[in-house]
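Pasting in a structure now, in structure tokens, and then I'll have a few things to ask.
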Amino acid sequence: MPQPDHISVLGVPDAASLDDDLQAIWAKCVEKLGFVPNVYAAYSLRPQRLRNFMQTYNEIMLAPSGLSKLEREMVAVVVSSANRCYYCLVAHGAAVRRLSGDAELGEMMALNYRVAKLPPRQRAMLDFTWKLTTTPWLIDDVDREALRTHGLSSEDIFDLAETAAFFNLSNRMASATEMTPNREYHRADR
Amino acid sequence: MPQPDHISVLGVPDAASLDDDLQAIWAKCVEKLGFVPNVYAAYSLRPQRLRNFMQTYNEIMLAPSGLSKLEREMVAVVVSSANRCYYCLVAHGAAVRRLSGDAELGEMMALNYRVAKLPPRQRAMLDFTWKLTTTPWLIDDVDREALRTHGLSSEDIFDLAETAAFFNLSNRMASATEMTPNREYHRADR
Amino acid sequence: MPQPDHISVLGVPDAASLDDDLQAIWAKCVEKLGFVPNVYAAYSLRPQRLRNFMQTYNEIMLAPSGLSKLEREMVAVVVSSANRCYYCLVAHGAAVRRLSGDAELGEMMALNYRVAKLPPRQRAMLDFTWKLTTTPWLIDDVDREALRTHGLSSEDIFDLAETAAFFNLSNRMASATEMTPNREYHRADR
Amino acid sequence: MPQPDHISVLGVPDAASLDDDLQAIWAKCVEKLGFVPNVYAAYSLRPQRLRNFMQTYNEIMLAPSGLSKLEREMVAVVVSSANRCYYCLVAHGAAVRRLSGDAELGEMMALNYRVAKLPPRQRAMLDFTWKLTTTPWLIDDVDREALRTHGLSSEDIFDLAETAAFFNLSNRMASATEMTPNREYHRADR
Amino acid sequence: MPQPDHISVLGVPDAASLDDDLQAIWAKCVEKLGFVPNVYAAYSLRPQRLRNFMQTYNEIMLAPSGLSKLEREMVAVVVSSANRCYYCLVAHGAAVRRLSGDAELGEMMALNYRVAKLPPRQRAMLDFTWKLTTTPWLIDDVDREALRTHGLSSEDIFDLAETAAFFNLSNRMASATEMTPNREYHRADR
Amino acid sequence: MPQPDHISVLGVPDAASLDDDLQAIWAKCVEKLGFVPNVYAAYSLRPQRLRNFMQTYNEIMLAPSGLSKLEREMVAVVVSSANRCYYCLVAHGAAVRRLSGDAELGEMMALNYRVAKLPPRQRAMLDFTWKLTTTPWLIDDVDREALRTHGLSSEDIFDLAETAAFFNLSNRMASATEMTPNREYHRADR
């Protein structure tokens, strides 16, 4: 059984010891998903940071935006592919499969997004995502113009950039803590 | 005058049009710093995201932690050096100068942290920061053990990782929006 | 449906036009697997090269060796992960799942093999594989000694090296021809 | 005498112990070339793999193709230059010198192919070779179109790709076994 | 006080022991600058090499050329930024500030020259500088043509190349000897 | 004839138009070597820079030093290998062959110095050279200690560093001007 049996190598507090608001979220996760995502458990070592993380995450991934929820998950997976982040690839690969109903799309995003036959707008978004992740210091007006050509507004570019930027944060938290994804993600929506 | 005259290439809303809570923060910044940091102005294009950003930022950089505020700023600058992020190097380089009272320390963090003669604990923290920023997929137990050897607890490692991870987010927002630092930072605490 | 609908962008001959020996292999694949692997179809553009490819492949992956068949498939996937080869990751990821009965092992090999808790012998084999794939000019006695320490004989090192080397060949054929994996691999053994 | 005195660090069986078919090939090599290429000796540790290697090699380098034999050797050397493979650079550098009658061409292919003033078709082939070797995951339609513009057919692109792919295999075998080139290559056709 | 207190880790001879011509230069430096630049002190370990270094330096940086002195200093800083050379960034960053009267220009050159809004001719010069520093083997006619388009003559291209090449030398001397910049540079012309 | 027929793409003045001191050097080169090295011809576009270049070159490569002349040429070739500089590999590869009387040594230095079986002192020197060339910002005390362990004094380390640094200069001049080596080097001392 080569998958690690820890949630985070930094350790995870007993859920029963958490503040009430967090326990309520735990309960809601179990109700909706059947489990508490390990990223929350790992972050609960530092409760206020967890609260901020969840609030930021929810705004970026779920609030109204010119990018669809599927597109935001595609961005999440492409960032995680560049950073070879196991946790995020497994968890958000599952989200791409679920939201798209296309298991192969999830695989393509995780393994090499360039093989997917995507609408040019989405391809431009993912090319921007890759460059912003791997060589942010080279982003320039040409890159932003490519997005505007495909109809992205300033707000859309902001949201795209922040989604990519956020997973550059979360990938590093997952790597730093050797976060292990919940087993449920692996088989979901195949 | 080669420094750009925009705050963000995505545009910045008129401050007078912002919600009251944000205008109050603007006023407080002017009172305390003499200016509104351009990262806030740039983020105000998406007000709720700005609120989350400030809340996360304040927790990571100012809340109690096993890492001193200066150490957190040093981490911020080393991440930004790896990512060659002009905005963050200028703004947080100034913070290192201010908190340390050592202008050269700020320069060393921005240009090549390896030249600084630091206590081994800080050097280990910055080596971890550099690796987590540039090759997060290679972080392993050996890297974490090096931190524990210098006395970092699990919570300290969490805080170190999240500080580094956060500036991997903010560097990318600055690059994506071509954020220009406030001129005040350049001369401060030289 | 973002997965491409071609098998190879260089085109694939009508199976009915192939020589009898190849048609017999096609029939045997359908009987055993339910389909003809697309790598064979893509290679049939150049029939003698296909014959050589299959013969080499069968020897490397199936003939007696000090490396188990599962270990050889793990090597195949790790090479393909380094080279971000979609075809080989999908096809050989499925093989790892099938031979190990552990779907997560397949994912770990494809996404970042370092997260897997493997016996040290297998970890050493995969570290060698990664280095031989990404910086072959740096392989030296230290790398080979690490393998011998874990019990690999000269013949085992030869077989490990040739397995890794072979997928460095096949990854490049898949990328050069934009080879698309058979859909059957995606869901197999999840 | 800094050149190693081994043929392969994994050891080489006594030629007299090899199967008759291989001994016959050894004899033919001595007759034609004056020596047995060390790559064959190194591979004879695993006789069936040697047979497959020779058969694949002969088809790729000698069978009819839209690429001339010299062009295939140029590809071999450029791959080996990217991978800094001493054995293949020495052996195939000599082949370029012999087939072209131009010693400098061999040097340019080995050291930096971009300095050579080549027909645009050959330059396009070598640019494709370099990219397929160093970043195979980035190969796309634009790269293939550049080849078609210079008259390469689908079969030609296949052959070019397989030649490059094959030396990505053989370079890694040479590096993994620290294969030493026969001294005869060094002075040949200077 | 994290800045090192040595001038060079290889040691520096007592100034009083130097030949008269060098002592005269030392005196002139003190008179003009207020101090002897540490690069001279570090180089005085090998006096004749110091003489050659100064002569080359003076010709490249001060002799008549199609590039202004400020442009040459900008090139110096951009090379040093690519090579993350602390000594040269501090010393020549100060020179850019002094010659331009624009402290921010010095910061932009040191941290990421791409953020500066420069005349296209200067931007082309710095793009050439960056490429010549980081991947000299890829420089080709297209790169030189970009310079000619902005009016650079053959002599100007020569001078630009030699300036960039020279700082690739001096950066490596500074890194090899861990040269520490004189403190005076830090605050100058802020 | 794929070798370029220019000496430098920036053009070369008529030798008859050069100052007397340079014409005298030209004559001496012809007398001693049979030809004027093209690097001198290329540099004669800017005569005073040529004088400085020759003086620096002669001191570094020919003056008394703890490094033998052969060792300095080995360093020159290894730097040029890292930078894939055709001119310097051809010219200084010939020098290694001549000074060592070992043609294979020249090839190993140019293609991958790690295959050579060198005395540990020389291997340490070349490892330092490679690192100083490719990642100068990572050089630290450990690297210098490795040299001292093999008996290098501070002056020897200085000379080693300056030799490597100088070829980082000359490689870039050769690449920037597309300098073509004299044909005589190719066949010399094979």
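Order of writing sets the chain letters: A, B, C, D, E and F. Residues in each chain are counted from 1.
Just so we're on the same page, a contact is a pair of C-beta atoms (placed from the backbone, for glycine too) under 8 Å apart; a residue touches a chain by one contact, two chains touch by 3 or more.
For clarity, every value in this text was computed on a predicted model and none was experimentally measured.
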{"item": "Set of chains whose contacts include both chain F and chain B", "value": "C, E"}
{"item": "Copies chain A and chain F - rotation angle from C-alpha fit, nearest 5 degrees", "value": "180"}
{"item": "Shared interface numbering between chain D and chain C [over half = same, under half = different]", "value": "same"}
{"item": "Chain centre separation (chain B, chain D; CA means) in Å", "value": "50"}
{"item": "Geometric centre distance via CA averages, chain E-chain D, whole Å", "value": "44"}
{"item": "Centre-of-Cα separation between chain B and chain A, whole angstrom", "value": "22"}
{"item": "Shared-contact residues (touching 2 or more other chains) in chain C", "value": "84-85, 112, 137, 140, 178"}
{"item": "Contact graph of the chains (line, ring, star, complete, other)", "value": "other"}
{"item": "Contacting chain pairs - touch in the sense defined above", "value": "A-B, A-C, A-D, A-E, B-C, B-E, B-F, C-D, C-F, D-E, D-F, E-F"}
{"item": "Touch list for chain C against partner chain A, complex", "value": "1-4, 81, 84-86, 89-90, 102-105, 107-108, 110-112, 115-118, 178, 180, 183, 186-187, 190"}
{"item": "Footprint of chain F on chain B - complex, ascending", "value": "112, 114"}
{"item": "Chain A-touching residues of chain B, taken from the complex the two chains share", "value": "9-11, 45-46, 48-49, 52-53, 55-56, 59-60, 63, 83-85, 132-133, 136-137, 139-141, 144, 154-155, 157-159, 161-162, 164-166, 168-173, 175-178"}
{"item": "Contacting residues of chain C [partner chain F, same complex]", "value": "137-138, 140"}
